[in-house]
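In structure tokens below, several structures.
Across the two complexes that follow, subunit A remains constant while its partner is subunit B and subsequently subunit C.
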Partner chain A sequence: MRLRIRHDIVARYDEPVMLASRSLHLCPRTFDGQYVRGWHLDITGDCRQARTSDAFGNIVHDFAVEGPLDEVAIAAEGEVEVDDTTGVLQGAPLDRIPPAVFLRETRATSRTSTVMSFADKAKTLSDGEPLDLCHTLMHLIYEEVEALTADPTELCGVREVAADTVLAEARGTPADLAHLFIAAARGLSLPARFVSGYVWQEDATATGALASWAEALIPGLGWVGFDAGNDTCPTDAYVRVASALDQSGAAWIRMADRGGVSASVTVTVAADRL
Partner chain B sequence: MLSRHADSLYWLARYVERAENTARLIEAATRLSATPIAAEGGRNEWEMAVDGTGTLDLFNQQYTQATQRTVVDYLAFSTANPSSIRCCLDIARANARSVRTALTMDMWETINSGWMETRGVNIPNLTRQELSDFLSRVKELSLRFDGSAYRTMLRNDAYYFLRLGTFIERADFTARMLALKADVLDPSRPSLGGSADYFQWSWILRSVSALTSYHWVYRDNLKPNLVAEFLILKPEMPRSLVSCYEKVTLNLDSLSRDYGRQGASQRKARMLLSQLQDTSLPGLFAIGLKEFLESFIVDNANLGDTIAEQYLG
Partner chain C sequence: MNGFGQGVRPAYRTIQAWLDNSDPENLKRLQKEAEFLFRRIGITFAVYGDAEAEERIIPFDIVPRVLTGSEWATLSKGLTQRVTALNRFLADIYGAGEIIRAGIVPADLVYQNSAFRPEMVGLKLPHDVYVQIAGIDVIRTDDKDFYVLEDNARTPSGVSYMLENRDVQMRLFPDLFASRRIQPVENYPDELLTSLRSLAPVSAPAEPTVVLMTPGPLNSAYYEHSFLADKLGVELVEGRDLYVLDEVVYMRTTRGPKRVDVIYRRIDDEFLDPMVFRPDSMLGIPGLISAYRAGNVTLANAVGTGVADDKAIYTYMPDIVRFYLGEEPILKNVPTWRCREPDCLRYVLDHLPELVVKEVQGSGGYGMLVGPKSTKEQIETFRARLVADPDGFIAQPTLALSTSPTFVGEGVAPRHIDLRPFVLTGADKVRIVPGGLTRVALKDGSLVVNSSQGGGTKDTWIIDDPVDDASPPASVSQSQSQSQGG
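Showing the complex of A and B:
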């Protein structure tokens, strides 16, 4: 599927900001199954964009603009062609670190007793094979946890709601659901990671095209994606952008300002099928 | 577009590119033969040049010894070598004629006049100067052809097929030149000492016209690992493998966009591109440079076959 994506993050200030620095995970990569035909970032103000890649192989853009500025607008736009690989990340191009790292516990993916008993429940329901286990886990989360829309904290920053809170409240944002999946999968000794990206939907809201899902390392297959919020493995409507241990490592944007009184941050995303 | 036309355009570009590459190879070998290390070692630079084109067996069937005279004859003029410059230009012109209407006036003029000029060369009595003039003319033909395509051609499938041919051939040549010298590029290998290494490394860069741009990028002496990085992983170097594959993938993508469907060649090209983009220099030497390059040459040839199957059959 060929998609044109436009992602805007606009921060407005009541009192002008003197220095605004940003770190962005807004740039998808080409790999087997996904081809980024063109992608560019537009930023208000003159600044130098430093493009690097982090330990997980994600593309990171860092920049700082000097003010005074009433507004800092970032627009990422581009065209991506995606193949349907039934969620399997073929060729595993982004693996720079050993899989065991993805068994680590983080604040958002802590393995409490409730998370572990949830994971065990999935295990008893499945046939015990890793692939079926992950599918069962995904179904279970989909059935037991209500999927909310993305929260402002994960659209323009970091969301760190612990997995057992998500379970206790039985509802969560896409990032929360992914964290729960990751915590449970890691509890069952399956390396798992968080993935951010875009998804094309027929009737998306202003931020509905932003997607978060989880990937688990299945022996013999490699990394396989699981989107618990939609109870599906990523299809050719999913554009994969960044992956990390949890959402804090793959956040779309991290910001720090000097001066300025922040008024609002508006995020809009449009994914159009070409 | 008829697949026959697509095929002619693709091979037209490949043969023009190959003629240019062979001309650069002969120039680089001529230069290396004038350096003090030429006499050392069992393998002379002329035999190596032939090996770089991957046709050493064919050469050995026709000649007993690899000297400047025999190799220049074989690489530039021999009608028994299907990849000699003369044959390349003959085939390129034949292909150009069969798709005359898909080419612009400038492109046809370039190919036709270049072909006629190079036909007039009197082979047996070629002086050093005349040979050098001949090679310059071949390079110029390729540059003019490339430039006139870039400037005058409509951006449609004809253009994309032409570009595909150019970049597949270019990637093949760069990989072959590196594979030829993979052993001297391994940083763990004991140095030959003196200036010998320098001549070897500069030979590789010269054979793909990259010596000056190397210094622009690195501002450093020639270092074997940097030479490898420059010609494999640097996207800003237009003859590097990753740069060629960016263009191959882009042109294949344009085809799939215009035709509204994609296939095996798009997938294969993207996979190779992402592999190249994800490779790091230490990773390259961990696999082994020679092994990496040899498998790349095979993959690149496979992609060529896949393109032929999908579009040119």
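Showing the complex of A and C:
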């Protein structure tokens, strides 16, 4: 599928910001099955965008703009062609992080007894093989946890609701559901990681094209994606942008301001099929 | 001091003579004076979890701890070896991971350790130095060997006490210093600065700018931060004094922005950069990690060094030394049971009243069980914690720590001690000032030397070897006449 994506993040200040620092995961990279045909980033203000790769293999843009500024606007836009690989990430690994790192607990993926009994339930319902286990786990989350739309914290920052709170409340944003999947998979000794990106859907809302899902390392297959909110493995409608231990490492944007009072941040995303 | 029952050790003859010649009332007066000096200097620390005592002074004992030149030579060789291995280990686990592939250190201990920072994977540091400043806690149980109790590879503190103790000791007892060649420690700040500058990024100017970064006055070691910045002649900064633009760190000054090349940070990894680590950290510098990744700033110590001073990794240190250096470790490890291993756990649970059990990630003497000093109830409570999370604990035998003469109210009595020498690693070499921080357990029989748990400190002397080292232990009268003659 060939998609055109446009992602805008605009922060407006009542009192001007003196130094606006940003760290962005807004650029997908090319790998087997995903071809970035052109991508650019526009930022208001005078700054040098430093494009680097982080340890997870993600493209990162770090920059700071000096004020006074009433507004800092970021626009990412480009075209990507994606093949359907039934969720299997193909080609060479994108990062140099040993898979065992992805067994770790983080604040959002804490492995409490409730999370573990949820994981064990998925295990009992499955045939016990890792691939079926992950499909079962994804389906179980889809069945038992209501999917909400993305929260502002994850649209323009860090979402760190613990997996066991998500389970207790039986509802969560896309990042929450991914964290629950990750916590449970890791609890069953399967390396799992968080992925942020885009998805093309018909009649999407203003931020409906933003997607968060999980990937698990399946022996013999490699990393396979699981989107529990939609009960599906990523298809050719999914654009993969960044992966990390949890959402905090793969956030589209992380920001820190000096000066600048009561910023309102507006996020809009559009994914069009070409 | 008494060389484990063999009479006064040569190193202590001067001390013995001095104590024998001193009037106890006079010593008491000097001990008071020492306390007064410390209060006047304002050297204090805060105890976490103790609301009543905001600021305390650590008790200083006027009787110095003494090591001979040859004892120090062995120790410093061992420390250099140990810290070299620690740095090689960190470069390896954030690089190829050879030691894990070789099956020497288990992968989960490294990769699932919360102090392991994936952000550091593949990042190249100047000269592969991760731990520029290490505080290695050592103890002795006999007059031959030094044992390492803990490797402190994050932000070890205490060096200000080493410097202040010497200063106060010299003021109170100038005669003692006049009659003996005691190796100096006063050059520590120069050595530290030289060491830090040698590891500045390649893009830094010839005279790199070094700053000391503190979390602020609420931190328990704030006194030390400001003391050291002063001694080093560098700016003491908080996160808000620095900012990052185009992957370069700048400091706000009255004359405009100034580039910063080396940050001696006394703030934990988690709080360094709110755009990479804890988003709620107000203490850090947004974008710091981007400057670090770009190789435009050196952090001392590096990010992610905590994985090397983890108490579970500690148990593998002898193998780590052998693996990277192909040498036998000079400093020994205290025998340790890894509670994660079922056989060890069983042993530990059966022998709790005799053992010291520590949290793998604990520090400062918190969250540990000292079996012989605990009540049945305390032991049972701890047993439950241990059973619930065996991976989180290690156990060690209760060691017969060496003692040193210590002035306690009524007179001089033996008290247990340890030693924290500070090991500096630069681009060119490892530097260790002769001495360190001797901590002493002031309570009779106590083995806990942590300042947060009622420990005190002493000046630490490295003296020339006595010429008559090989002769039988001198009698008191002999050593007195020697001292009077010198």
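Throughout what follows, the second predicted complex is superposed on the first by the 270 of 274 C-alpha atoms of A that agree within 3 Å, B and C clash if a C-alpha of one lies under 4 Å from a C-alpha of the other, contacts with A are read in each partner's own complex, and residues count from 1 in each chain.
In this text, a contact is a pair of C-beta atoms (placed from the backbone, for glycine too) under 8 Å apart; a residue touches a chain by one contact, two chains touch by 3 or more.
As the structure is a prediction and not an experimental result, all values here were calculated from the model.
With subunit A as the common reference, subunit B sits beside subunit C without any clash. Using the contact criterion defined above for the overlaid structures, shared-chain residue A:104 touches subunit C, although it does not reach subunit B. In the overlay built on the shared chain, the residue A:62 is in contact with subunit C alone; subunit B does not reach it. By the touch criterion defined above, A:50 lies against subunit C but remains apart from subunit B after alignment on the C-alpha atoms of chain A. Once the two complexes are overlaid on the shared chain, A:220 sits clear of subunit B and of subunit C alike.
For subunit A, the partner touching the most residues, choosing from subunit B and subunit C, is C. Of the two partner chains placed by superposition, only subunit B is touched by A:31; subunit C is not. Once the two complexes are overlaid on the shared chain, A:81 sits against subunit B while remaining clear of subunit C.
When the shared chain is aligned, no partner comes close enough to touch A:128: not subunit B, not subunit C. Minimum C-alpha separation, subunit B to subunit C, in the superposed model: 10 Å. Within the complex, the subunit A residues that touch subunit B are 2, 29-35, 37, 57, 81, 83, 90-91, 93-94.
Residue ranges of subunit A in contact with subunit C, taken from their complex: 19, 21-23, 47-48, 50, 52, 54-56, 60, 62-64, 66, 95-98, 100-101, 103-105, 157-158, 160, 244-245, 248-249, 254-256, 258. Chain contact summary for the complex, subunit B toward subunit A: residues 249-250, 253, 256-257, 262, 266-267, 270-271, 273-275, 277-278.
Listed in rising order, the residues of subunit C touching subunit A in the complex are 97, 100, 107-108, 111-112, 114, 116, 118-123, 243-247, 274-276, 279, 286-287, 290, 293-294.
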